[in-house]
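Next up, some structures in C-alpha cells.
In what follows, subunit A forms one complex with subunit B and a second complex with subunit C.
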Partner chain A sequence: MTIDSRSNTRTAWFFVLPAVIIMFVACLYPVLSAVRLGFYDWSMGTPWAQAKWSGWDSFEIVFTDPAMWRSLWTTLEFAAISVSAEMFLGIALALALEGHIRGMAFFRTLFILPMMVAPIAVGLTWRYLFDAQFGLVNAVLAVFDIAAKGWLADETLAFAAIIVSDIWQWTPFVFIMVIAGLAGVDSTVLEAARIDGARWWTITRRVKLPMIAHVLAITLVMRLIDAFRVLEVIYVLTFGGPGDSTEVLSMHIYKTAFIGQKLGAASAISVLLLVVVMFLTWLALLMSNPLADGENGQ
Partner chain B sequence: MNERSLLAVRYLALTALAILCVGPILVMILTSFKTQAQTFTTGLTFFFVPTLENYRDVIFDSSFGRYLVNSLIVGIVATLLTLLLGCMAAYGLARFSFAGRRAVAYATLMLRTVPLAVIAVPVFMIWSDWRLTNSLGGLILLYVAVNLPFTIWLLYGFVLQVPVELEEAAAIDGCRPWKVFLRIILPLIRPGLAAAAIFTFRIAWNEFILALVLTDRSTRTLPVAASLFVTDIGVEWGKLMALASLIALPPLVFTFLAARQVISGLTAGAVKG
Partner chain C sequence: MSAGVELIKVSKRFGNNTIVDGIDLDAAAGEFIVLVGASGCGKSTTLRMIAGLEAVSEGRILIGGRDVTVVRPDQRDIAMVFQNYALYPHMSVAENMSFALTLTRTPKDEIARRVGEAARILGIENLLDRKPKALSGGQRQRVAMGRAIVREPSVFLFDEPLSNLDAKLRAQMRVELALLHRRLGKTTIYVTHDQVEAMTLAERIVILDRGVIQQTGTPTEVFNRPRNLFVAGFIGSPAMNLFRGTLAASDTVELPGAGARIRLPQAVNAAAGKPVMLGIRPQGLLLGGADAPLRMQVKVAEFLGTETVLNGVLKGSGEALTASVSGEHGGLAEHEIDLSINPAHVHVFDADTGLNLIGTQSKRDST
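Right, the complex of A and B next:
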C-alpha cells in the first residue's frame, strides 16, 4: 500500500531523481561504455575521436586466446572450491553452534571482523603469513613435521593460498547467514519432531535444512557473485602469479587493460564477466527480490 | 554428555573459531610493533619488547598526512552523500507508485553487483574526458554511484517497516511529503542508516584498485599508498603492517560499536527481521 495512490509522480521523482542521475552517470554509463569499448580499437591516452570501429574483432581475439580460457577456468575453479568450502564449513559450524548461549553476540562480532578489514590489509597480512622463510603458516606446519613450502612461488600452492585467504574472510558470512536463518525457524516444529523421537541428525536434515533452504540458496548465490568479482586481495597477495596460476577474470581484465594497454580486449573480457555476474544476480533476484512491488504488501 | 560439558565444548569451539578469525588480524597488529629484525624471525612470537618505530616512520613520512586527509575526505563525503541520496530514493521507491518505478528498481538491483574491474577502464576514460581524474571529487562521485544501489536496497527494507499509518496521520495534519520524510521516516530508519553508513564507508575507505587508476601523488588515498609499497615487500614488513593496521582500524572500530547494524546489513534481503 503506498501512501499516495493517486501516483504523485512529481513528488516521487523529487526523491528518486538525484540518486538516479548519479547512478546513471557514474555507474550505468561506465558499464554501457565497457560494452561499447569492446567494439572499438582504441589505446589509452589517445583522443577518443581516433578510436576505430572494429566490430567483433576484440571478441574474436579474446575468445581464441588461451590466456582468457585459462583465466576463466581459474575463476571457475576458485569460485567452485572456495564457495563450496565456505558453504560446507559455514553451515556445519552454524548447526553445531546455534542457539542461545551467553556471549554469542560477542563471538559474532569477532567473526565478522575479517570481512571488514581492508582488502589491502588482508592481502598484505596473508602474504606475510605465507612467507616461505618466516611465515606463520610454515611455522605451524613445522609443528606437524611438514617441510616448509614456498607458498607464493609455486603455482598450485599460490592457488591454494588465495583460496585459504578467501575461506578465512568469507566463511563467517555463511555462518552469520545460516545462524540468522535458523533463528527464524519455528521452534514448535522442532519441538514436535523431538517429541516424535527424531534424532538430531534427522531433525537437521529433514526439518531445519529444508526450512532454511531459501536462505542457503541466496547465501550460495551471493557468495558466487563475490567469488566471480574477486580482485583486490589477489592483487596484493599474488598479483595473478606465479605465471598466471591465480589470474582470475578481474585480474586478467586489469592486466590486459593497464599493463597490456589492450583496451578493446579488456572490454571484451569485461562483457563476459559482466554476463556471468548479471546472470547470477538475476538468479538471486528470482529467489528474493527486495524491491518487489511494495504495494503488493511485502 | 551432560548439559554442562556440552556447553563447555560449545564455548571451546567458539573460542577456537574466534582465534582463527582474529589470528591473522592479531599477527598484522603484533608485527606492526616489531623491529625489522624481529619481523624476520620464524613463527609467532607474542613476547617481545614492542616498538613504535614503525608507526613513527609511517606517520611522520612526508606524504602520510596528505594521504590520510584524502582518505578521510573521500570516506566521509562519499558516505554522507550516499546516505542522503540513498534514503531519499529508498523512500520514493517504497512509498510512491509512479511511471518508471520498476525500471529504476530493477536497474538499481542489477547495478549492485557490477564488478569494479569491469568499470575501471571506462571510468578512467570518461573521468579523463570530464577532467575528473586526479581529483578527490571524481573519486567521491564514483564511490557514491557504486554504493547507492546497496544503500537504496537496504534502506528500502527499513522504510517498508515503518507503519504507513504514521505517515498518513501526518499527511492528514497537513505535512508535505518531504516533511513527512524528515520528521517521521528518517528518525525511524536510523538503524538502517547506521548499517548503510558503515558499509559505504568500508568501501570508500578500503577500496584501492579504482583509486589507484584515478588518483595521482596529491590525491592518493591511504590504501593506494599501501598498494604502491608492495613492490618493496620483504624488506619493511613492520612499516607495511603499521600502515595496514592504521587502514584497518576505523572499520574495525565501527564494527565493534555497531555489530548489530553490520549483521543486519549482511543478512538484509535473505533473512527477515
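Right, the complex of A and C next:
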C-alpha cells in the first residue's frame, strides 16, 4: 500500500466513521442488547447487576413452547396474506392511477392518507368499525340482510379483521412506492414495446413490472419486515385474541415480557423474529437486489 | 418488401400550439429521407406521427398506399430506432431483438434465424447473451438497429439515433447506416439535427422550421440552391455569410457598408434598389485575387488541418464574416486580408420574404 492510498483510506474512514458510529449506536447496539438479554434472567424494576446468567435456558424454553410456535405460524400467515394482498392491490392501484388524467392527483393523495394515520388510531377506528353492536361493518351487512357477526369474538373473523386493517393502512405504501417506480420507467422503452406489438397487459407484465423489479423487491422487504413487527393495531383491536388466534410474534413478545415478566424469554423470541425476518429479506433480495450492481438499470 | 410513405397535409397541435403545420411529404419505396431542423422544429413529432406514437391532428399518413392515420403502431409495418436506444434493460440482447417476434408467435427456429442474421449483419453475434447495461453506446445502438431489422419492416424510422455517441463513433456508425440501407433497400425516414448526418446519409433532405417544410431536395440541391434564408443559414458548415445589401442592377448587389459591388452568377428578376441579403458560402471566399472586393479583419483563425476557418468582420460594415481557406493559412489571426469571391457560391435573397432570388427549381421535386 502506498502512502497515497493509505492517506485515501484514512480520509475515507474519516468521512464514513460518524455514520458507522450512529448506525452502531442506533441500530446494532439495541439488537446486540436484545441478544445479550436472552442469556440473562432479569425482571424489570430490578437493577441489571442482579440479573442472573441463564445461558441457553431462555432459548430452550422458548423453542419448546407450543404457544411460541403457534404465534410464529400466525405471524407467517398474517404476513403472507396481508403483504400479498397489499402488493397486489398497491400495484393494481398504481397501474390504474399512473396516467395523466384530470383529478388523478386528488385520488393519489386520498389513497395515501391511511398510511399517515397513527397505528393506534387505525386500531381504534377498526375496532369501532368491527364492533358487533354498533360497528359500520355489521350495519352495512344488515342492509343486505346478512346477520351481524361478532368480528372480534370469532377466531377466524378476528384474524380476517387484523388483515383487513393492515391492508387498509399499508396498501398506500406499496402504491406510492410502485407509482414512484413507474414514473421512473423510460417512456421510450414502452413506446418501443408498443411498436413491437405489445398490448397493455403484455407491456405491464413483460416490460413495466420487470423494469421496476428492484422497487418491488425493496417494497416487499419493507412490508415483510413491518408485517412481522406489527403490534399496535393488533394490541388495540384484539390484544392477540380471541384465545391466541391473532397473537403474532410481537404480541407474544409483549405478553411474555410485560405480562409474564420473562424478559429473557421475550428477548430470545425477539432474536428468533430477527432471524426469520433476515431470512425472508435475504430471499426477497435474492430475487432482485437494488443494492447490487443491478442488471435492471439501463 | 419496401413501401413508400406519404404525408398529406399532416398537422399536429398541442392545445393552441401548432407543432407540425400541414406538411406534405412523399418518400418513394426504398428512399432514404432525412428530416432535419433545429430543436422544436417538429421533426421528431412528424416521425412519431408516422410511427403511430402521436395522433395526427389533421391530414393523412399512407404507408405502401394504405391509409394508416389511425392504425396502431405495430400494424403499420414499421420499425423504429430511438435516440436513447430504448432497449428493454431486463432482457438480454437476443431477447430484446426477438421480443416483437415472440409476440407474433413466430416459430422459434425462425426467430433464431432472423436474430442470428441481424446479429451477423451488425457484428454483434458475441453480445447476444449480454444485458444492455453491459454494452457500450455503440453496441447498444447496434442492438437497437438489430431489433428493428429482425422485424423485417417495410419502413425504418430513426429518431436521432447517433446523437448519444461520441464524434468518432458517430462517423463510423454513419457509414454503417449508409451501408445497411444499401444492403436492405428499405424506405428510411431519419430525423436529426446534425446537418452532417443529413448531408451524408440522405437521398433527399427535408428541412423543417417551426413545423413547416422549408425545402425538400437532394443534399446537392439544398446546399447549392437553398430556397430561403433559413435553409441557407442552416445547411452548410461553417454557415453561409449573410450581408445586408441593395440590388444595384439585375446582376449586381451593392454592399453599402463595405463599399463593395458584387456580381451575381446570373441576373435576377427584381428591380434595382431592392433591399436584399447577399449570401456567400465561406468556401466561396478566396484569399487575394486581382479583383478582391471584400476586406476582412480576421479575429480568430481556427486551424483544422486541411482547412483553416477564419472568423472576423467585414471591414466597413462590421458584419460577421467567415472564410474557409486552405490549411496553410493558420497564422492569419489579427490580420486584414482581401477576399475575392467564387460566383458559384453566391446567393441573393429577398430581404423581406427571405426567398432566394436566383431560384431553386433545379430539379422537379425540390420545393
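Convention: the second predicted complex is superposed on the first by the 246 of 298 C-alpha atoms of A that agree within 3 Å, B and C clash if a C-alpha of one lies under 4 Å from a C-alpha of the other, contacts with A are read in each partner's own complex, and residues count from 1 in each chain.
Please note the rule applied: a residue touches a chain if its C-beta (ideal position, glycine included) is under 8 Å from a C-beta of that chain, and two chains touch if they have at least 3 such contacts.
Fair warning: this is a prediction, and the values are worked out from it, not measured in the lab.
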* Chain touching more of subunit A, residue-wise (subunit B, subunit C) -> B
* To do: Report for A:A213: first if it touches subunit B alone, second if subunit C alone, otherwise both or neither.
  => second
* Considering only the touch criterion stated at the top, classify A:A147 as touching first (subunit B), second (subunit C), both, or neither. => neither
* For A:A49, decide between first (touching subunit B), second (touching subunit C), both and neither. => neither
* When the two structures are overlaid on chain A, which partner does A:T188 contact: first (subunit B), second (subunit C), both, or neither? -> second
* Check subunit A for residues that touch subunit B in one structure and subunit C in the other, and list them. => 294-295, 298
* Asked: What does subunit C use to touch subunit A in their complex?
  -> 51-53, 72-74, 78-80, 82-84, 86-90, 99-100, 103-104, 131-133, 147, 151
* Parts of subunit A lying in touch with subunit B, wherever the complex brings them together -> 1-5, 7-9, 11-16, 18-20, 22-23, 25-31, 33-34, 37, 44, 48, 93, 96-97, 101, 103-105, 107-122, 124-129, 131, 133-134, 136, 138-139, 142, 168, 172-173, 176-177, 180-181, 184, 214-215, 218-219, 222, 225, 228-229, 231-232, 235-236, 249-251, 253-254, 257-258, 263, 266-267, 270, 273-274, 277-278, 280-282, 285, 288-291, 293-295, 298
* **Complex interface listing, subunit A residues touching subunit C** => 186, 188-189, 191-198, 202, 206-207, 210-211, 213, 294-298
* Structure fact -> As the complex stands, subunit B meets subunit A at residues 7, 10-11, 13-14, 17-18, 20-22, 24-25, 27-28, 31, 39-44, 85-86, 88-89, 91-102, 104-126, 129, 141-142, 144-146, 148-149, 152-153, 156-157, 160, 164, 167-168, 171, 177-178, 180-181, 202, 205-209, 213, 223, 226-227, 230, 233-234, 237, 240-241, 244-245, 247-248, 251-252, 254-256, 259-260, 262-263, 266-273
